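Sending over a structure as structure tokens; questions will come in a sec.
Per-chain residue numbering starts at 1, and chain names A, B, C, D and E are given in the order in which the chains are listed.
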Amino acid sequence: MDLREKSRQLLENGDVKAVIGYERGTMGARRPAFIRKAERADRLVFDEACAQNLATYLTRPEVRKLGRVAVAARPDTLRAILQLMAERQVKEENVLALAGDGTVELGTAQAIEEHLATCAKELPARDREILDRLSRMDRAQRWAFWQAELSRCVKCYACRNSCPMCYCGHCTMDCNRPQWVPVASHALGNLEYHMVRAMHLAGRCVECGDCGRACPVGIPIHLLTFNCEESVHLQFGQRAGASSKLDYALSTFRPDDKESFIR
Amino acid sequence: MADNFFLPQASLDTLFAALTGDGRRILAPTDRDGRTELNPVTSPGDVAKDYLQTILSAKEAAFPKVERLMSFSTGAGSVDLKDAEPSAVPTVLFGIRPCEASGFKALDAVFNWDTRDRFFNARMEALAVIGIGCTRKDDACFCTSVGGGPGSTSGSDILLTPVEGGFLAEVLTEKGKAMAALAPEAFKADPGLEKKVVEVPVAFDQPGLTKRLKDRFEDGIWVEQSLRCVGCGACAFVCPTCVCFDIVEEADAKGGHRLRTWDSCGGHMFTLHASGHNPRETQAQRWRQRVYHKFSYYPERYDMLGCVGCGKCTRACPVDMNLQEHLAEAAQA
Amino acid sequence: MTEPFEPKITAFVCNWCTYAGADLTGTSRIKYQSNVRVLRLPCTGRIDFMLLAKAFARGSDGVIVSGCHPNDCHYTSGNYHARRRWMIYRDLMDFMGIDTRRVTFSWVSAAEGARWAELVNEVTTSVRELGPYTEYKELALTGVE
Amino acid sequence: MTDTNIYLPHLMRIAKITQEAPAVKTFRLEFMDAAAAEAFSFETGQFGLYSAFGEGESTFCIASSPTRKGYIECTFREAGRVTAALADKEEGDVVGFRGPYGNRFPIEQWKGKNLVFIAGGIALPPLRSVIWNCLDLRDWFKDITIVYGARSVADLVYKDELKEWEARPDVNLVVTVDPGGDVPGWTGKVGFVPPVVEALNPSPDNTVALVCGPPIMIKLTLPVLAKLGFSPEAIFTTLENRMKCGLGKCGRCNTGSSYVCKDGPVYTLEQLNSLPAEY
Amino acid sequence: MSRIGVFTCHCGENIGATVDCAKVAERTRNVPGVVHSVDYKYMCSDPGQSMIKEAIKEHGLTGVVVAACSPRMHEPTFRNAVEEAGLNPYLCEMANLREHCSWVHEKNDATTDKAADLIRVMVEKVKHNTPLHPIRVPVTKRALVLGGGIAGIQAALDIANAGHKVVLVEKSPSIGGHMSQLSETFPTLDCSQCILTPRMVEAARHPNITLMTYAELEKLEGFIGNFKATIRRKARQVDEKLCTGCGLCITKCPNKKIPDEFNEGLGKRSAIYVPFPQAVPNKPVIDKTNCTFYKSGKCKVCEKMCPTGAIRFDQQDELVTLDVGAIVLATGFKVMRTDKFPEYGYGKYADVIDGLQFERLASASGPTLGVMKRPSDGKEPETVVFVACSGSRDRAKGVPYCSKICCMYTAKHAMLYKHKMHHGKAYVFYMDIRSGGKDYDEFVRRAIEEDDVKYIRGRVSRIYEEDGQLIVKGADTLMGGEPVEIKADMVVLATAVQAQDGSEELAQKLHVSYDPYHFFAESHPKLKPVETNTAGIYLAGACQAPRDIPETVAQASGAAAKVAALFSRDELTREPVVAVVNRLPAPTFSYCVGCFLCQSACPYQAIEAEEIRGRDGTLIKTLAKVNAGLCQGCGTCVSTCRTKAIDIQGFSNEQIFAELMTL
């Protein structure tokens, strides 16, 4: 039994309306695939090269209309599904996660939570290297680093649109009364955009890194959200995507939260 | 007709020095932080080695991602307008690929089809292109399917094609001649060099596609193809021919600027009315718009394609919306 | 001759503690430097992190954010929420290379009139020493052709 | 570098503001630059981009008739950032104007014909320009019928002009408000526009119909006209796609191979039928 | 159409001596949107206010900025003035030129510049102000009092006497609470039952009070003035209407071996029982866990015996929904039990008892009829050790706070003991003696000086049994920590006062805050000691913190006064500074995406869910909605909202942004 076989069964039995998985794309890449007919299930692949967080599709109107769907789920996808459930964007009964090798059916939030408990999370080597480099920089160097990186941003919003947690129909970027962030992708517009994005994901980011992966100009923007998420973890001891019960670090508090900078 | 020369590798220094000496900025693909990007360079050594293409296209040389259209100052009951002059620094685009070089025509078609866009034109006037023909390609390339080619001279003022020890230089236009004239010693007589470029197979029948699109508008294919599209603007922003733009205001109580920025028909905000009505509400409609605009509306309106087959969109797409593949599918019955 | 640099300081304060505290500074006639411009909000919980960024974008050289001490919030917990937000935002600013020495977070109660004066003086003096926040002010013009 | 900056607006002074309906205003604008005023002309159906400096530009038709010289008028509803800023202006304030843009109603082709104008709500302004243009050339045309509906009596725009048209013997004006939108003393009709048109039963012979209104009104009125025997080429309307440049460049209003800002905003139903329904 | 008028006040010399007001007014005239700018000696004076009113009319002002003192001082004054001129009062803002400028800066150009800046900021704000209207909500004039102890009884009586309906809910079968268990009360030593019982009867008979005993709050919805409470009336298995309270069933009940809660386990009761003879209502309940019929399916002796046929074995719990306008929480406390003290034998020594048990032993109506008999063998205890601060002020026991009443009742216990057994020896181990209160210290002194109670300052480290006696080991810290050992016949632990069981769940049902020890939290420790942070819910008695009777009664009357004040109006009006979720026409409906992250940020539980449904009833969207009755306007939700769908009136994003952008 593999993901293809499992998908075929699910579709044939009418358990799900579609399987969102991966197929082979250009130049050896894997890309998202929507399988709605059992006979197309053999397009599916599920291996190490499958990187995208498919949970991002669960909040699209087109997908919501489908009804119950199965999703080939890597651990980050599972985290995103839980977080989306916590934020009332995905209903438990509308999603079936296919985890592990693609045949492990996780049909409930509880099943996903239990499965995740067995999955470790590790930072990719490349990210570690950049973070390491940044940690050795002084403030001015970090400023220069991010200014150089962000100067490449064209505000295509690939990062936002790839992010499973950026499901808001009306993004802060779309607000014009007031115009919180300049539309233009000049230095200020870019800095503010990425600042807002990172802050809005603080306590919500499942650290899949899809934003960085999506960036056409290669800005390691996922490190900004990672930084916020890490800071949430270090200071408040929690991580997004651990549970389908809402526990948003920035709308809760402890009277004894510790900081060192408030005078 | 083109004048052909041999440009030895070593003579590039001479050419660069001459161009710089003439007060021109040279923009060329560079390898910065592991990414191939257009940046100002002063010597051939600054130019990236073995690059396929830059991530963003060369269009930014004439159509920057943010540019000022005008400024104004406001007082009690008064407004003063200040026209913006495009800062059209004489620029040589060196080393861009023939596909991108030919992209400027598609931009020009829109910017000047009716009224003339001063900002684009001023930059274009100040721009000269020294393209380099392709000796490499990847699976995203499909220039030959859209009327171009790895050795196409279209859009270049001088086209260089790598040969042993240097380049075959085709000096194509007056601008090209003027550049060559700045460094006559660099351009040696052509010993009868063979112009050898990479072979890019034709992936689909473009005239057939354009014809096929006429009756495919309501086809389910657009929904099917676009299911995985996340609706970002990466494809449009890296595209050498995508010309859609936004005009935005940045101001305070005293005054401000009106800026032009790139925009993309792929985003849901693009056509959204203030009332909430959206003429292109679904991603499928927006994806279809992108395909039709380039392969149906452009030919109809401007008698050319809005695509040069560079494949940048395919490379940039976070979900591999491979254009060539989807076009090939759409071209089929 | 160039004029000595006078920093522009923007303060976001809550209505119930720090604004009232600053009122008390006035009532007590305690003098402090006049660089600060106070924006009154109902609660520190209301202070969107973007307001801080916008203050810099508008040319502020320093920013003060101040509200009720923990446990004293008029709305019981707005300041606790604010504190969490600041903890994360400050880390992000630092990570992005924004000069966090220019942002002062503080608790000033309605009884701490003298403390408000002290705070403003300290911040004004230290930001004056840091000089104008030029690199941030230049952002709006960087990248526009 | 002989090109001019096509994005640069004219400065206009607001000569007069009329509050037409809740959140709906009409501006009468005059050129501040005499030479620009001199050089300016437009035709009915055309539109412009109006600047509230500091907020941006918004697109509305020119609601006055080209036969009335020396000024232009626009009528708009406060909906977004720019319209809100415009609504905040006072007489004497300065706004920007770029235009005229787009095509026009081919009124000279309608000589000797009957005209039926059908408008709903805030979509009367584009037709008002044509109506006045035609009334100023009254002897070109035969019967002129105007059907205008709004949600409520308060929402009717150009109330004074409606009275004027009402009083004219050479205009057949029918004003209607949606059920529930009438007030005591209301003497007009109560009912939605499509059935009112159907009941009015205008003859399609030698007649041109101009329809402007919210999408739902247009959607329901077109079948009525078809039923009455109007052919698609005898029905005109204007589109209101989102625009940024008005010059056929920014791509926003692109619908099929048509740029609404250049090939429109005036279309016959026949033309619309050949466009994708992306408007 | 901003037509802003700016009025700069000299405040006599207060502003005028430091700020060049004329110059400020002059400069302000050039600010876009300002059509009128003047300066005047005293804006708050009658002529000053008239100037504003006249200018509003003359210049058709759409907004007013008064540049004077702190808005915290005169904002209401000027808003009233503006309103009198026909302008919405919320279109008036103040620039604080006095407290924030002239009083704190030197006289120089920079100070005048700052004054002009402060005005400009407020001009920009007021341009974005919108007319607001006070929020009006109707008030249901019926109060719900939870808890039928002295706090609840007092509150209910006071509210009822003010002419309002009250529903008094008590979870046990009778009202009376802990006070009914007490023998005598400090510092007067009058009989607790004697002073309480009349109150209980009064409450039961009061035409405005509905008693619901053996009942608990199931659910609460709504907000101040408009709560909907669901009460679970537990099945007594007795028809209260038919029961005459004759007590025959109790006498005939075969199972009489059940530890009696009222007597703190020191006595026994039957399965059908009234908790104590003076119970109100005096109607029995069947204790289903101990009733023979419920255990074995046989018996029903009570049913057979009942002369009125009032026994109902099939009776079920009943849910009653009540509309109430205010709630008084008076759910009381519990005491820590002796089993929480390993050092004192984990509750295994029958003669180590807690204070409430001692009350029952001392009570004339108690299991020993007031005769001092120790529980283990009924022997009269010759030596009794009283241990104050048992558990209180002890972090290890999770009770770092002072239980407040123990010092006093320990002195009382020792005295009661001595009064009953003049020859007996009474020792009190204490940490400090806290006897603040009218006649309290005198009372303690009497115990020491007149009744010869031995006070030893020190902790008891261990108690163990030896030869039928309790060995109490401690130290006398006043004697340099010298070890003390007392052979006692009985030990009374003054155990800590703790929050009632289930307080946390109840607090969550009511959305009121509670402290780490589960006592309900007052809205402000000084100025709002009887309010909770949920408007319309008030606190009385020991559910908030340990309290003695006089304090409890005072607070209950305070809570009742708050309720009466609330009920004195037909409508509540509130400042319209509240959050609102934006609403747009279809198909957008709102920018809100329904993530509800704002919900947990709200300190007032003011954010609710609102469903948008299509004509056919299908759910299109679920949006957040602010309950304006609950919202207090802090705006924490606003800065949590990513889509900027939620905004706060009076401090809106556009207003703050405009202020900032003009700096």
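The rule is short, and it goes like this: a residue touches a chain if its C-beta (ideal position, glycine included) is under 8 Å from a C-beta of that chain, and two chains touch if they have at least 3 such contacts.
Since the structure is predicted, the reported quantities are computational estimates derived from the model, not experimental observations.
Counting hops only between chains that touch, chain B reaches chain D in a minimum of 1. Comparing the centres of all chains, each the average of its CA atoms, the largest separation from chain C belongs to D. Between the interfaces C-E and B-C, more contacting C-beta pairs are found at C-E.
Taking each chain's centre as the mean of its CA atoms, D is the chain most distant from chain A.
Centroid to centroid, with C-alpha atoms defining each point, chain D and chain E lie 63 Å apart. Computed from the mean C-alpha positions, the centre of chain A lies at a distance of 47 Å from the centre of chain D. Put simply, the C-alpha centre of chain A and that of chain B have 32 angstrom between them. Between chain B and chain E, the centres computed from C-alpha atoms are 69 Å apart.
For chain A, the set of residues touching two or more other chains reads 172, 177, 180, 182, 184-186, 189, 250-252.
Contacts with at least two other chains are made by residues 49, 54, 58, 77, 81, 85, 140, 143-144 of chain C. Chain contacts: chain B has residues 65-66, 74, 77, 246, 248, 250, 252-253, 259, 275, 277 touching two or more partner chains.
Contact residues on chain B toward chain E in their complex (touch as defined above): 74-77, 252-253, 275-277.
Taken in their complex, chain A has these residues touching chain C: 134, 139-147, 151, 172, 180-182, 184-192, 194-196, 198-199, 202-203, 224, 227-228, 231-232, 235-236, 249-255, 257, 259, 261-263. Chain A meets chain D in the complex at residues 176-177, 179.
Against chain A, the residues of chain D that register as touching in their complex are 80-81, 84. For chain A in complex with chain E, the touching residues are 87-89, 167-172, 175, 177-178, 180, 200, 246, 248, 250-252.
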